[in-house]
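Next, two complexes with chain A in common: one pairs it with chain B, the other with chain C.
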Partner chain A sequence: MKGKIGKSIKKIDVAEKTGGYARYIADMRFESMLHAKTLRSSKPRAKIKGIDIPEIPQGYYIVDRNDVPGKNRVKMIVNDQPFFAEDVVNYIGEPILLVVGPDKEKIIKILSEIKVYYEAVKPVFTIEEAEKLNTTPIYGEDNCFADYEIEKGDPDEAFGRAAKIVENEYRTGYQEHIYLEPQGMIGIYESNRVTVYGSMQCPYFVKNALIQGLGWGGDRIRVVQTTTGGAFGGKEEYPSLIAGHVAFAAVKAGKPVRLIFNRKEDIQATTKRHPSIIRLKTALDDHKKIIATDVDIKMDGGAYSGLSNVVLQRAMFAATGVYNIPNVRVRGRAFATNNVPSGALRGFGGPQAFFAIEMNMHALADHVSEDPLDFKIKHMLKKGDHTVTGGVLRQDVKLDEMTDMVLGMSDYRKKYDEFSKNDDQVLRGIGLSLFYHGCAFTGSGEKDIIKAEVKLKKREDGKVLILIANVDMGQGAQTTLRKIVARTLCIPVDDVIYENPDTDVVPDSGPTVASRTVMIVGFLLDKAAQELKAEWEKAPEVEVHKVYEQPGYIRWDQETFEGDAYPVYSWGTNVVEVEVDPVTCEIKVKGIWGVYDVGTAIDERIIQGQIEGGISQGLGYATIEVMNSKDGKILQDSITDYIIPCSMYFPGIESKLIDSYYEYGPYGAKCAGELPFIGAAPALASAVQNALNVQIKRIPVTPEYLMETAEGEN
Partner chain B sequence: MKINFILNGKNVWVETDPLKRLLDVLREDFGLTGVKEGCGEGECGTCTVLIHGKIAYSCIIPVGAADHAEIMTIEGYRKTERYKALQDAFAEAGSVQCGFCTPGFVLAAESLLREDARPGETAIREAISGNLCRCTGYNMIVEGIKIASLKGKGLW
Partner chain C sequence: MVRAYRPPDFQSALTIMRENRAIPLAGGTDLMVSRRRWSGLSPFFAKPVLFIGHLEEIKRVEIDITNIKIGSACSLASLLEHREIPEVLKIVISQMATPAIRNIGTLGGNICNASPAGDALPVLYAMDASVVLQRKAEIRTLPIEKFITGPGETVLKDDELLTSIIIPKKSYNVGFYRKVGTRQANSLSKLSFQGLARIEEGKISDIRISFGAVAMTVIRSREIEEILIEKSGKEIEKLIPEVSSLYSAVIKPIDDQRSNIRYRKTISLKLLRYFLRTVLISKIG
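Now for the complex of A and B:
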């Protein structure tokens, strides 16, 4: 192991995945395994008045609320979501019961014969309806899962002396994860214990949900992650629900029970990115400088609270983007509606906020007749500046250097001028976005909530086991974490063993979310490896155990949201060039460039994969990924109707990393997984804005939207 | 109904409903779990197999229609030199993330390379346009296929 750690190695799992050897959850078989299928609510909001169940043949089972031995609530931040509906249903697709048995066809027949009697309750479908509260609230008294306000400086005073006040409103739509492997779980009950296998990001979230749902001690519950075919946040909180389902069914039937979603069911019933409405009111002084901003963020949280309050927090903390604005007020609300619950998806509130702030900066520049890039640059954050929560940017902020690089790579300035005058048949445009991602959990969450623990164990044969609860869901943790441990111990990567986590074996190193795995867990593994190295010769077998310690500089108040909202930030700048057909308004992406500061790259090719995949998913979000809910029903519930990018959509991507080092990350690494997603939509939308000279205020930017916008402006 | 076909080079038969999806026959009756189900409607390509050397989506083919066909799945293809060249190239290019789509891409690449041993970028993009990947953004898969075609010289 010589040279830079970032030098790429062959990804550990390439052979098993490429050759079809890897066992995903749907590939696993157990003796006498039964199938399960879910009966779901067909109503967005109703009381259940009764359920008629036909005679069930022997060997088949109905599993419902009465089969939840513990508490019928999925363990989340707030315990409001039942495993199985009780007397009410709150969204189309809410699980009511399972039919379990040996034959899939018979299960479907039984499902078709079950009759549920509903009494409709007036539903709430949109943010506007939820805010008006013209029916009984779904949640609490005000129908808000969260209603927060943060303030920096003195916004009222600044608005009072403003030379100009500009208001803009931005909207973002749903996004579906479309991990290629649908959700799935298998539950087994034997020897008075339950084991759940499944596709997941967070084995201990699942275990804790089972402890609550079964009402059993943790020693009777085992959760094992199976090779996971993509997740992107979609397998953060949702698996807890269906893990409960297979566990309850396995206990009732006394046999292994398998629940594998088909794609339609997966799209209809699982979480999506929160739709948002973000309104920004900005005060400028005589020098065309922003002196204050007032941001109002509203999100559609769907029927149950899930992770909405944390998603909202991340959006709020990003509400001024990468700009230093001295006086700020941000209000954020996540509303309850009778839509499918919204949840975690790569970026976690950040993409909505960054789309709004970046487009608003562009609009403000147009308003004061300044070049949008120059306008952004003059407001850019620097080291030592204060964030919207009053945290200090202690690490280097290299945005100026990164911007220079991406401008050079893309030839942005020349193209921008040329395209701005463009009156060709084909309309061309170029756009640039600046953005960051706060690494790991909010504030002191790593210390107060997660409390990660890791273990490293040297075996007699000299091999070293990584014992952690974090998973590889495609992002490369199997490779990067092995590299960190191998390098610190000066042993070959092949001598490091890291199995899919099994909660009987691994400690709780926290969930595989928030781009925290390398920075937080990798750093702990690095420290554990240092200790193991010192004790290597002491015994044939040596085990070391490390617990997360918060870096001394972090100050955070979770009640007031004051201080360092994140331990550190990763930064990015993204340029997208487009052509827009003047007749059809179709957008064709012609070029993509990006420069990123992720600290040290643990493996450059893996980082490139995160960048390219993140941009592609982000450009999909910005353009073609249209998902609407009508009367609580998702209208695009197949891959035919919900279109994600294929190989023909986008051209090659040119990306670079800049040198950067974070003292509290392994070998200087920060976060990388979510960051590249965030900049894509605002860069694309800015490019379209440049091409058409119309204000883009909504994503996805569809041809229909562009036609409406052009008509509106005419 | 008894259906005969050649599966990964062997003559096999199965007694089943001819309307059963080829995907289910391969996975359930033959245990070939390298063939995946991602969408069930022929849109995502994770269920790709080769029938007479051409890509086919096994989730939308009733097994009755495969009577006497020559079918290759990843389990058969992985024994070949060509597979090895593709696997090495995919490793080199970073083409594999979650892996759920990967066997399908490998078979799509084989189907292309046997027709055109040195395809250009556009031909590669077209050849894999029926296979969806949500992790990579495709460029690193395109690169992997390019590398395989160069390093696997003489194999196709």
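Now for the complex of A and C:
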């Protein structure tokens, strides 16, 4: 391998996926395998008074709370979610039991004959209701999964001397992952061990959940990731729940059990992006400069805590966006409601915060009659500045260079002036967003919680095995990590083997989340490869083992949220141009541009794929991906009603990467997976604002919302 | 298991209908979706299924001096390719579903499905389409608005088949269709608007207006259309508020997972005014 590492190679998984011979969980068959279907709560909140179960034929099983040998709690940050409901249910779709057996027809019949007696309890459906606490709390005393506050500088003093104080509130909605492959697992019990195969991002999360649920030692549990057809965070924590289900069922039945969701069930019962309400109060001085901000972030966490507190933390740490604001207070709360649990989705709290902060910057500029872009530029973070948590930006911040590039590519200035002239015939607008993503786990999470380990093994035939727990879910890990190892070892990429992880074989290199795989795991692999290279000739088979070491500069206090919230940041800027139909208020995207600093691109085409996918998914979030819950039930529960963008929906995306290098990333790489999602919604909303001359305060920006907003302002 | 018949010809199909009261399935793009079950299980049909999508007798397009007669099992894609199909109908069909669905979905199926949001319906109502219904010993022809009686409801008898759709040949010199869905391609309508007109010597000689997805069935009112007949551009401009309020009284949409009452109603009326003012009057000059 010569030349730049970023030069694209053929993506490893392309042939098997486009050829249709990749084997997903639904393609796997085991002898005498049984099917399972879940009986779910039909009530948002109720006590279970009793369950009538019909006579079950030979070879069929009911699997419920009584079949959980260990602790009936899914291992999470807080252990509040049961594998199977006990005496209460807290959301529509909550699993109560499984019916397991050989014939699907019979399983459906048994399910239809089971009767659950509920006693309704007054439910909580919205953030407002959860905050008011007008019924018994679902969680704790105050219905909050998390309630944090962080402070920087002296916000009270700054608000006291403000020339102007402006308040704005922004709302964001649900988003569904719509991974192409729905959730699915197969559990097998043999020789006193359980093996679970499935579609997942985090084999060791699943293994640890099984250790807790089965109450067994880890040596009796094996988890194997099967080729995963998309995940986007949706297969971060949720698979732990259903892995438990198939494991308990397999133990009870003594046969392999498979549980595969259909799309409707997947949408109704699995996690979604947290809806949020974000209120910003901003103090400006006489020079139209922001001196302080007070941010109040509220999220709908749904019925169980899941990852809500870390999603909330990421949103809070992003609460001032890419701007240097000296005095800040951020309060963040994740509320318990009787909605389906919210969870991880690309961006992980960042998209909500960046939408609010970017729109707020726009609104503030309007308020003081300044050009929004100039207003943003004068507040932009620079190297050496301090973040909300008092961390120092040690690496280069190239926002000014990136902004210049994207302005040139999109001809933003000229278009902005032209579109700002009110012309009712053609409603065109252009908007720009600036954003970042903190790479990898928050704070010292990599050191204190994850403690990633990797192994590389040279075989006798000279091939090298990558032994890690990270998965390829379409994002290209199989290709990029092979490239890193091959290059360091100076061997062909084809000589590097990287199979889907099997916890019997691979060490725990951490979950495939938080845009950490290339930067953290890839860096460890690079180091392991360097060591292996040095020892290459020592024996026919050589294995090297590396454990994560935190870069010395990181300072973080997880109790007070002070210090470097992330090891490093990736940065981005987006411009979106739109046309709004003056009759129907439909939005048409006419142009999309982006410039990114992701450190070194390990494979430029894969990064381009992340950029185009991220922007498209972000623009879907911003416009057409409407998901509402009514009385705890998801209304859009099919891909007919939950519409995502298709390839015809957007024009081509023009993107560029700027040169940048991070010394603790492999070949200088930082993070790239989530970043491109984050800037799409604020750029789109700003463009619509420019086109219609109205304030956009929520996403999705639907034609219904635009019509009502326009009517409201007339 | 589902019992299914695949008759060799149309007469056999009628016999099977009389004897079995089967559910006719042409393309199956609606039926197979609405009756699907757990993967690996057959879709649920309470009655036997009769395949009709292959029957040549109902896959023809016949043209005479006054009418275009479209076989009910003609695929949507085949109509797009047919030289004699009116352009206004092609515009509608080209925005229906996806190429894959248009290859197998049929015009007859879209009518019998009788969805208030059925994409082909507003233009068929506007063109005064009729449907030909046949059972073993009887053929009857009904105007489409008499055939469809409510959401998913038609007067089709349980041994009867829709065999063809008759569209009177007319020449319109103004056509305006707008489907409003969540996404441009492959999405269901939140609402749709169809306007057709003929302008002669600076006046309207013929006008048809229909609205989809904003009531139990497609809305078309000949009484309101009548008001606009023989009117000049200036006169129409004056009539817009009156016509708009008359339609407003009959547009009765619902709130659902795709849109809401306010948007559907407001935009329907905005499209009406856009059609009258911007499309029609500018054409009259």
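Throughout what follows, the second predicted complex is superposed on the first by the 712 of 714 C-alpha atoms of A that agree within 3 Å, B and C clash if a C-alpha of one lies under 4 Å from a C-alpha of the other, contacts with A are read in each partner's own complex, and residues count from 1 in each chain.
Following the convention adopted for this analysis, a contact is a pair of C-beta atoms (placed from the backbone, for glycine too) under 8 Å apart; a residue touches a chain by one contact, two chains touch by 3 or more.
Predicted model, so just to flag it, every value in this text is computed and none were measured.
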item: Partner chain(s) touched by A:P645 [first = chain B, second = chain C, both, neither]; value: both
item: Contacts of A:T227 with chain B and chain C, given as first, second, both or neither; value: first
item: Partner touching more residues of chain A, whether chain B or chain C; value: B
item: Touched partner set for A:Y662, first chain B, second chain C, both or neither; value: neither
item: Chain B versus chain C as contact partner of A:Q608, first or second or both or neither; value: first
item: Touched partner set for A:E105, first chain B, second chain C, both or neither; value: second
item: Touched partner set for A:W556, first chain B, second chain C, both or neither; value: neither
item: First, second, both or neither for A:V583, with chain B first and chain C second; value: second
item: Which of chain B and chain C A:N262 touches, first, second, both or neither; value: both
item: Touching partner for A:G476 - first (chain B), second (chain C), both, neither; value: first
item: Residues on chain A lying within both footprints (that of chain B and that of chain C); value: 26, 262, 640, 645-646, 648
item: Contact footprint of chain B on chain A as seen in their complex; value: 8, 10-11, 13-24, 26-27, 177-182, 227-232, 262-264, 473-476, 605-606, 608-609, 612-617, 638-640, 644-648, 650, 652-653
item: List of chain B residues in touch with chain A within their complex; value: 27, 32-41, 43-44, 46, 73-75, 78, 83, 86-87, 90-92, 94, 96-103, 106, 124-126, 128-142
item: Residues on chain C engaged by chain A in the complex (per definition of touch); value: 37-41, 178, 180, 182-188, 257-260, 262-263, 266-267, 270-271, 274
item: Complex contact set, residues of chain A against chain C; value: 26, 37, 104-105, 108, 260, 262, 583-586, 624, 626, 628, 635-636, 640-641, 643, 645-646, 648-649, 703-704, 707-708, 711
